[in-house]
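Consider the two complexes below, in which subunit A is the common component and subunit B and subunit C are the respective partners.
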Partner chain A sequence: MQILAEIQTTAHELAKHQKSISVAEFFSKNRHLLGFDNPRKALLTTVKEAVDNSLDACEEARILPEISIEIIDMGGDRFRLIIEDNGPGIVKKQVPNIFAKLLYGSKFHSLKMSRGQQGIGISASVMYGQLTTGRPAKVTSKIHKDKPAYYCELVLDTQTNEPDIKNEKNIDWYRDHGTKIEIDLEAIYQRGQQSVETYLKETAIVNPHATIIYTDPKANQIIFPRVTDELPAETKEIKPHPYGLELGLLIKMFERTTAKTIQQFLMDEFSRVTTSVAKEILEKAAIPPKTSPSVLTRESAEKLIKAIKKTKIMNPPTDCVTPVGAELLERGIKKEINAEFYTSATRPPSVYRGNPFIIEAALAYGGELPKDKQAKIMRFANRVPLLYQQGACITTKSIAATNFKSYGLNQPRGSLPVGPCVILVHIASVWVPFTSESKEAIAHYEEIEKEVKLAVQECGRQLGKYLSKKQRLNTELKKRSYIEKYIPHVSKALKLLIDLTDDQQENVNEILKDLLEETRGKIKDIKHTNTEYDADFAKIGAEEPEDDNEEEDE
Partner chain B sequence: MQILAEIQTTAHELAKHQKSISVAEFFSKNRHLLGFDNPRKALLTTVKEAVDNSLDACEEARILPEISIEIIDMGGDRFRLIIEDNGPGIVKKQVPNIFAKLLYGSKFHSLKMSRGQQGIGISASVMYGQLTTGRPAKVTSKIHKDKPAYYCELVLDTQTNEPDIKNEKNIDWYRDHGTKIEIDLEAIYQRGQQSVETYLKETAIVNPHATIIYTDPKANQIIFPRVTDELPAETKEIKPHPYGLELGLLIKMFERTTAKTIQQFLMDEFSRVTTSVAKEILEKAAIPPKTSPSVLTRESAEKLIKAIKKTKIMNPPTDCVTPVGAELLERGIKKEINAEFYTSATRPPSVYRGNPFIIEAALAYGGELPKDKQAKIMRFANRVPLLYQQGACITTKSIAATNFKSYGLNQPRGSLPVGPCVILVHIASVWVPFTSESKEAIAHYEEIEKEVKLAVQECGRQLGKYLSKKQRLNTELKKRSYIEKYIPHVSKALKLLIDLTDDQQENVNEILKDLLEETRGKIKDIKHTNTEYDADFAKIGAEEPEDDNEEEDE
Partner chain C sequence: MVVVEKIKKLANKIFDKILDHESPSLKMPIRSLNNVEYDSNIGYFKLAGKFKGRALTASTVKTFAQTLLMMNESKNVVEKKDMMTKREAYYVSKNWGDARFNEQPESDTVMDDVEAMLMVNREQLGFVPEEKGGDVAGQLVVVDKDPDTNEEIKIDCTKMGSGAYSVPSSVEGLGFETTAKFILAIETAGMFQRLVKHKFWKKENCILISLGGVPTRACRRFIRRLSDDKKLPVYVFTDGDPYGFLNIYRTLKVGSGNAAHINEFFCVPNAQYLGVTPQDILDYKLPTHPLKDVDQKRLKDGLKNDPFVLHHKKWQLALKQMLTLKVRAEQQAFAAHDLNYVMSVYLPDKIKDHKTWLP
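Entry: the complex of A and B
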C-alpha cells in the first residue's frame, strides 16, 4: 500500500501544477511571437500596428488617410511614440477594449481584406510599453467635430486580459475626427534595412492614397505625400467558399444556422452556391434538399463535403480582394529602385482553405543593383511591407524553388537567385495566413506557393526574353563592329589601288555600310523586334560597340 | 445635424463589429501557427506533441520511457494515430483539460527545462482532429496497477475553449500505469526529410534513454531501442534571474509578494541574490533594505532595475539545464552520418531575458556527404528535433553569419556554407523562445545568436585545423612521392655504372629512403603532430600518394 500512495503521488503531484494560462500571460512571456523580440524591432512593431490600424480605419470610413508618426527620444533607451490619424475615431466604450485587450477586434470574425485581422497588435504594443516602462498608454479619440474628444490612460491587466482605465476625461481637440495614441516603450532607434523609415517608405509605395508625416528622434521631418486622391476600391466582406469547408466546422454550422432547409443553408452560408449548385451538391450527397440542418448527422456532413469536392463551383468573387495592380506595382518599384528593366504580373484570384487571394509580383533588373549579391526580396501582405522573417516566408521558398537559371540568372541549388535583381511579391487576401501573430511571414500553403511561383515565373520569363534579346543584340553589335572595322581599310586600299578621290572613298564606305545593313538588317530594326523593350534597347544602341577587340588591334 | 448623425454612424457602425475573440477560435483559424499548415505536417505535429508529452511525463516521474506510436491508414486521407506510453498517467480530473483545452498545462508557469511549455500542443492536435474528421479524441490513462484505467472521449468547444466529455468510463488496461491517446485526423503520410520517421530517428539520437516503437501505415515496425538505462539528470525549477527583470513585471511582483522587506523580496523571488548581493543592489538604488515592497513606487522600481544592472550577479545555476553533452552529441551524429571528421562543442550556460540556456554544436565533414550542396543543418531544442522553419531559426542565421571560408569551406555571402558538411545545434533552456506556437524555430535573441556563433566557431576551428592539416599532409605526400619516384631510377643508374648486385641496389634504395625521411621527417611523425586526428590521418596515410603526376610521366 505504501507503493500505491507513492505512485499516486506522482500523478497527483504532477496534477498540482496543471493549470490555466491567461492569454495575456502567454503572449507576455512569448512576446517575440508578437514582434517584440528585441528593442529595435519593438519600435518598428509598435509603429506598424498603429499605422496599419489607422490606414484600415480611414479606408473603412472612406477617408483619405493622413497619418503622423512622431518618435521622441526620452533618454536611457526609452522612446515615446505618438501616432495620430484623421480616421473616423472610436466610440468611447470600445477604446479600452481595442487598445488594452488581446484578441479583441472587428476583423477576426469577418472575411474581408484588411491589414489588421487578429485583434492583438496594438494591445500587444500597449502591453509591451507598460512592461518595459511601467507607463500606461494614452489614447485620444474623437468621432465628430461637434462632440468633445475622449481621452484615457490604459493598462492591460496581464492576469485577466482586461483593460484597466487609469484616467479618463473629455477634452478639446483640434481635429474634427481621428485617433491619437501615445506609447512609452523601451526601444532602440536605428536607421537602415528593417527600420521605421524603410517600413514607412515601402508603405507609401503600396498606399499611394495616404499622406504619411514622419518625425524621427532627431526631429527631422519626412513627408510622404499622397500621389492619388483615389482610395483603393472598397473591399467587400464575403462568405466562406465551400471548397475550404471542413467537417468539424460544418457540423458546428448545422447547430448554429437559422436556415430551415439544408438547401437554404448552403445558399445562405456560403459564397457561390446558387440554387442549382446547391441542388447538385445535395443530389450527389443523396440528401433531400428540404432536410433540416439540425437533424443532419456526422455521416451526412461527410457525404456533403465529399459531394462539394466533386461539384464544380465558381471561384470566390474577386471584388473582395483588391490588388495593388501590375501598373502601380511597377511604378512603385521604379520609384524605389534604379534598374534597367522592370516587369510585373498580377495573377487571377485563387483560393486556399476557402479564402480568396491574389498574388502580384514585380521584378527589377540591372542598372545600379549589385551584381554579386542574392536578389533582394520585397514582400507585402494586404499593402503592408513585411520586413522580418524573410527566411520563413512562403514567398522566399517559392522564389528559391523557381528555376532562374533558365531566365539567365545564377542560382545556387535551392537558394535565391544571385544577380542585380529585386523581386517584389504582394499577397492580397481576405485572410492572410501569417506564420506568427507578429505577421512577418506568410505560412506555407501549397495554393499560395503555386501562385507565387506562377507570378514570379511570369516576371522571370519577361526577364529571360529581355536578357536573351540583350545578349543577341550585343552579339550582333559585336559582329557588326568587326565588319565595320574593315570597311575604312577596304576603301583606303581601293583608294590607293584605283586612285579614288576622298569623296569616292567616302562613297565606297557608304556603299559597304549599306551592304552590311542589307545583309545583317538595320540596327534600328533589330532593336525593334520586341517593341516592349524599346527604351532599354535604345540605351544599349546608343552605347559604343564593345571594344574588347580594338585593344587587340592596337 | 444630418452630418452629425452620419459621422457618428461611421464610428458606431465600426463599433458594432468590434468584439472578443476566443483563443480556440483564434488558433482554429490560425492553425498553421500550431503546425497544422497542411495535412502532411499535421501528422508530424500530432505525433510530435504526443511523444514530447510522453517523454516529459516519464522523465518527470523518473521512469525510463517506452513509447509506442502507431499510424493506421483509414483510407480517404484519414489516419488514426495511437500513441501510448508507460508514464505516470494523469489524474482523472485533469485529463479533459490537458487534452482538450488550449493554454492549459503544468510547465508554463515554471522555469524548468522541458519539451512542452505552452499548454497548447496536444489540445491543438485534438482540435485539428475533430475539425477535419468530426471525431473525438480517445484517451486512456492509468495511474496505478491497483486502480482501473480512466477512459474518455473528448472534444474541444472552440467557442469557449473548454473540454466537452462525450463518453467516460473506467476500464481494464494491461499496463501498471501510462497514458494512451487516439486521434483521427485528415493527413498525408509521406516518408522523407520532414517525416514522422525522421522525427523519431532524430528523437532517438538525443534521447538515448528512451525506447521508441513505431508502426507505420504499412504495418512495418521500427524499434529504436534505448542505449542507456540512465535517465538525463533531473532538471530543477529555478527562480528568475534578476538580469532579465523588467519594470512592469517588478511593479506587479511588488503587489503580489508576501515578503515583508524589499531585501527579503529580492532574495526570495530571484535566483543568485544572496544577502550581500541584495544589500549591494539596495545601496546602489538608495532604498533602505527594510522598506516594505508594497510601498515602493514606479520610480523606486526604476532605480532598482538600474541598480541591478550595475551589480555583478552570478550567472543562474547551471543544474537547471542539462545539455546532451558533447560526447553523446558526437556519438549521435556519428551514428546518423557517415563522414570522415567529427567534432562537437558545449558552451557554458548563458542567459537571455533572465532565462539560462546552453548551446551545443556538433559538426561532421567529408566522407559520403554531398560536396556541392549547402551544409545540412540539424536543429534541436530541449532534446526535440526541429524539422520545419529552418529559414526562420536563429541557429540558421547564426551559422550563415559565421565565416566558414576561414575554416576552408565555400560560402556564398550571407548564406550557409557549401560543402560535405552537417552542422548540429542544440539549445537547452528553462524556456526556449520559439518563433511560433508550433515550436519549429528559435526566435532571434542576441544572446542566443552569440552563443550559437561561438559554439559553431569552436567546431569550425577544429574543422579548419583538420582541413589545413589534411592539406599539408597531402602536399607533403605529393612532394615525397615526386622524390621517391626518382629513387629507383638513381639506384638503377648506379647499378649500371658501378655494377651493383640486386641486393646492393635494394640497399641503395633503402639508404636513399632513409635520407629522405631524415630530411623531410617520418610519415608517421607528420601524421602525429596533431594526435586528435590520428584515426582520420591514418586513413589518409594508408591511401596511395596522389598520382596526378604519374600520368604526366607516362
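Entry: the complex of A and C
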C-alpha cells in the first residue's frame, strides 16, 4: 500500500510539470524541423518561404510575378530581409494570421498543386526573426489601387500561437497591389552551392514567367528577367482521394462536414466516389448509409478505412497537376549549363496514395562540365528548388538505382553516375511528400521512385544514342584525318621510289584524296550550339563561399 | 639490283593505277600453314597460291604509306650496298614523321610484307636479322673475307678449342673446305658443349652445329649451303618432344608457313631426323616427362594440319606413338645411364642404323 501511495505521489509530482505546450513553443525548440538548423540555412529558408508565397499568390491571381528580394547586412550577424511582390495583396483581417500564426493557411485542407503546403513557413520565419533579434516583422499589403495600403508590425505569441499586432496603420504605397514583408534575423550570409543566389537562380530556371530582382548584402543587384509571358496553366483544386486517407484526418472530417449522411459525406468530400462506390464502401464497412457522420466512432472510422482499401476506386483526376514542360526545362538548363547535349522527358501523370503527380527530368551532358566528378543533381518540387538533403531524397536514390553504364557513363555500384553530366528532376503534385516540414527531400514512395527512374531512363536513352552517334562520328573523323595525314606519305614514298616531279606528287595527293573520301560519303555534324547559354547567369552561386576560404587561411 | 628493279616496277604500277583514278592495292601471299604445299620432290613448303590484297582505303592508308616507305628504304640500302637490321629499320622510320612506327613489331610486320610481296628474302632487300645464327665446330674450314681489304680469311673450325665458330647473319659469301662425312645439327647448346668437349667430331669425322632452338634463317641457310656445296648429309638431333619434331626439325627441313615465300632458300631438304624418336624413348629406357596439354594439342594439330606430317606416314606413326605413350624425353636424358652414354652408345648406334631414323 505504501509503495502504491508513493507511486501516486510521484505521479502527482510529475503531473505538476506536465502541461500542454503550444505549437509555436514546440517549433521554437525544434527549429531544424522547419529549416532553421543554423544561421546560414535560416536566411535561405526565410527567403524561400517568402518567395514561394509570393509566386503562389501571383499565380493564383493570374498576375505575372515580379518579386524583389533585398538582404541588408545590419552588422553583428544581423540581416534585414525585405521581400516585395506585385501579387494580389492580403486583406487586412488576414495579414496577422498569415504572417504570425503557425499552421494557418488556405492550402493545408485543400489538395492543389502549390509551393506552400502546410501554412507554417513564413510564420516560422517571423518567429525565428523575433526570437533571434527581438524585432517584429513589418508587413505592408495593398489589394486595390484605390485603397490605401495596410501596414502593421507583428509578433507571434509563442505560448498561444496567436499574432500580436503593433503599430498598425494605413499608409500610401506606390504599388497598385502587392505585399511587402520585412524581417530582421540572425544569420550568416554565404555564397556557393546552397546559397540564396543559387536558390533564386534555380527558381528562375523553373519559373520562367517570373521576374526576380535580387540585391545582395554588398548591394550588388542581379535581375533574373521573365522569359515568357505565359503563366503556368491554372491548377485545379481537387478533393482528396479516398486511398490517401488517414484515420486522424477522417475523424476531423467527420466533425467538420455539413453532410447529413455518411454516404453523402463520402460523395461530397472525396474525389471519384460515386453513389455506387459509396454504397460499396459502406456495405463492406457494415455502416448503414443513412448514419450521420457526427455519431460515428473511432472504430467505425477504422472500419471505413479498411473498406476503402478493399474497394476499387478510379484514380483521381490528373489534370490538376501541371508540369513545367520538357521544352521549358530544357531551355532553363541550357541557360545555366554550357553543355554539348541536352534532353528532357515528361512522364504521364501517375498516382501515389491517391495523390496525382508528374515527374519530369532533363539532362545535360559534356561541354564545359567537369569530366571526372559525380553528376550534379538538381531537384525541384512544385517549381521550388531543393538545395538540402540530396542524399535522403528519393530522386537521388532513383538516379543511383538507374544503370547509367548502358548509356555510356561511369557509375560506381549503387552510386550516382560519374561524368560530365547534370540531371534535373521535377516532381509536380497536389501534395509533395517531403521527409520533413523543412521540405528538403522527397519521401520514398514506390510509385514516385518508379516514375523518376522511368523519366531518367528516357533521358539516359537519348544520351546513349547521342554518345554512340558521337563515337561513330569520332571514328569516322579519325579515319578521315588519317586520309589527310597519310596520303602525303604515300605520294612522298612514290616520289622517292620513281622520281616523281612535284606536280606529279601533288596530282597523286589530289587523286587519292578524292578517291578515298568519295567512298566514305558525307558526314552529318552532330554539334549542338547552345544559344540559350548565359555565362553570367551560370556564374551565380557557382563561386566558392568566401567564408570557407578565409577559414582555411587561418 | 634485281630487287631494285622489282621495287620500281611495283611503284610504277601503283602510280599508273592512281593516275587511272583507281584505288591501288598491294598483293601478297598469305603467310600461314594453310597456304603451303609439300612435295617431297621439291623438298620444302611451297606457297599454295592464296593471296591477300591490301587495297588503299582510309583504314589502310597508314600501313600502305609505311609499306611504300619501307620499300624505299630497302632500295636505298641495296643501292648503297649497305645493310640494315630490323631494329635499325625501326629507327630509320623515325624520320617518316606521322608515318613512323611506334613499336618494332609494327615495322617487322611491314618488312615481312615487303619481303613476301616481292617474293625475295629480306637479306636481298638489305635487311639483316638481329638474331645470331648457331655455333659450329668440327671438320670444317670456313672461307670468309676481310670486310676492309676483301682478303680471304680461312677459319678452321677444328681449332676453336672449347669454343665454336659463330654463323654470321649473312652467309651468302662464304666458302667451305671439309673432309667430313656428315653434319650433325643439335638442338641444345648443352649437348653441343658436351660433344665439343670430347671432340666427338673427330671420332665420327663430322661437323657439329648447335641450332639453339628453332634455327635462325642464317643458320638454316648456312647448313643448306654447306650441305649443297659439299654434298654432305644432315642429321638432326633434338629433344624427343613435339617442339623438337614440328618446330625445330620441320622448320629446318622444309621451312615454315610464315616465311613460305623464301623457304626455297632456307630449307635443308636432305636433313634427316636422327632422334630422339618416341621409339628411342622405349629402346633406351629414357627417363621421361608427361606430355602437357599444349604438347598433346601440338601433336594433334600436326597430325591434322601439317602438310609435312600428312606427307610422311612414318612421322604420323611416330606422333601417334608419342600420343599413346603420353611422355616426352630430353636430349640430356641419356645422362641417366652415364654422362657420356650419348657419345659412346646412343649416337654411334643411331648413326649406323638408318632404319631407326625418321624422314
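Annotations for the structure displayed:
Methods note: the second predicted complex is superposed on the first by the 385 of 554 C-alpha atoms of A that agree within 3 Å, B and C clash if a C-alpha of one lies under 4 Å from a C-alpha of the other, contacts with A are read in each partner's own complex, and residues count from 1 in each chain.
Rule of thumb we're sticking to: a contact is a pair of C-beta atoms (placed from the backbone, for glycine too) under 8 Å apart; a residue touches a chain by one contact, two chains touch by 3 or more.
Because the structure is a prediction, the values reported are computed rather than measured.
Contacts of A:479 after superposition: subunit C is touched, whereas subunit B is not reached.
By the touch criterion defined above, A:508 lies against subunit C but remains apart from subunit B after alignment on the C-alpha atoms of chain A. When subunit A is checked against subunit B and against subunit C, the one touching more of its residues turns out to be B.
Shared-chain residue A:397: touches subunit B; no touch with subunit C. Once chain A of one complex is fitted onto chain A of the other, the partner contacts of A:30 are limited to subunit B, with no touch recorded for subunit C. Residues 7-8, 11-12, 14-15, 18-19, 21-23, 56-59, 61-62, 64-66, 68-69, 71-72, 75, 96-99 of subunit C touch subunit A in their complex. Interface residues of subunit B, counted against subunit A in their complex, comprise 4, 7-8, 10-12, 14-15, 17-23, 25-26, 29-30, 32-33, 37-38, 57, 60-61, 88-91, 93-94, 97-98, 101, 103-110, 118-119, 130-135, 143-144, 146, 158, 177, 246-249, 251-252, 298, 301-302, 372-374, 389-393, 396-397, 412-415, 418, 431, 433-437, 441, 443-446. Those residues of subunit A that touch subunit C in the shared complex are 479-480, 482-483, 485-487, 489-490, 492-494, 496-498, 500, 507-508, 511-512, 514-516, 519-520.
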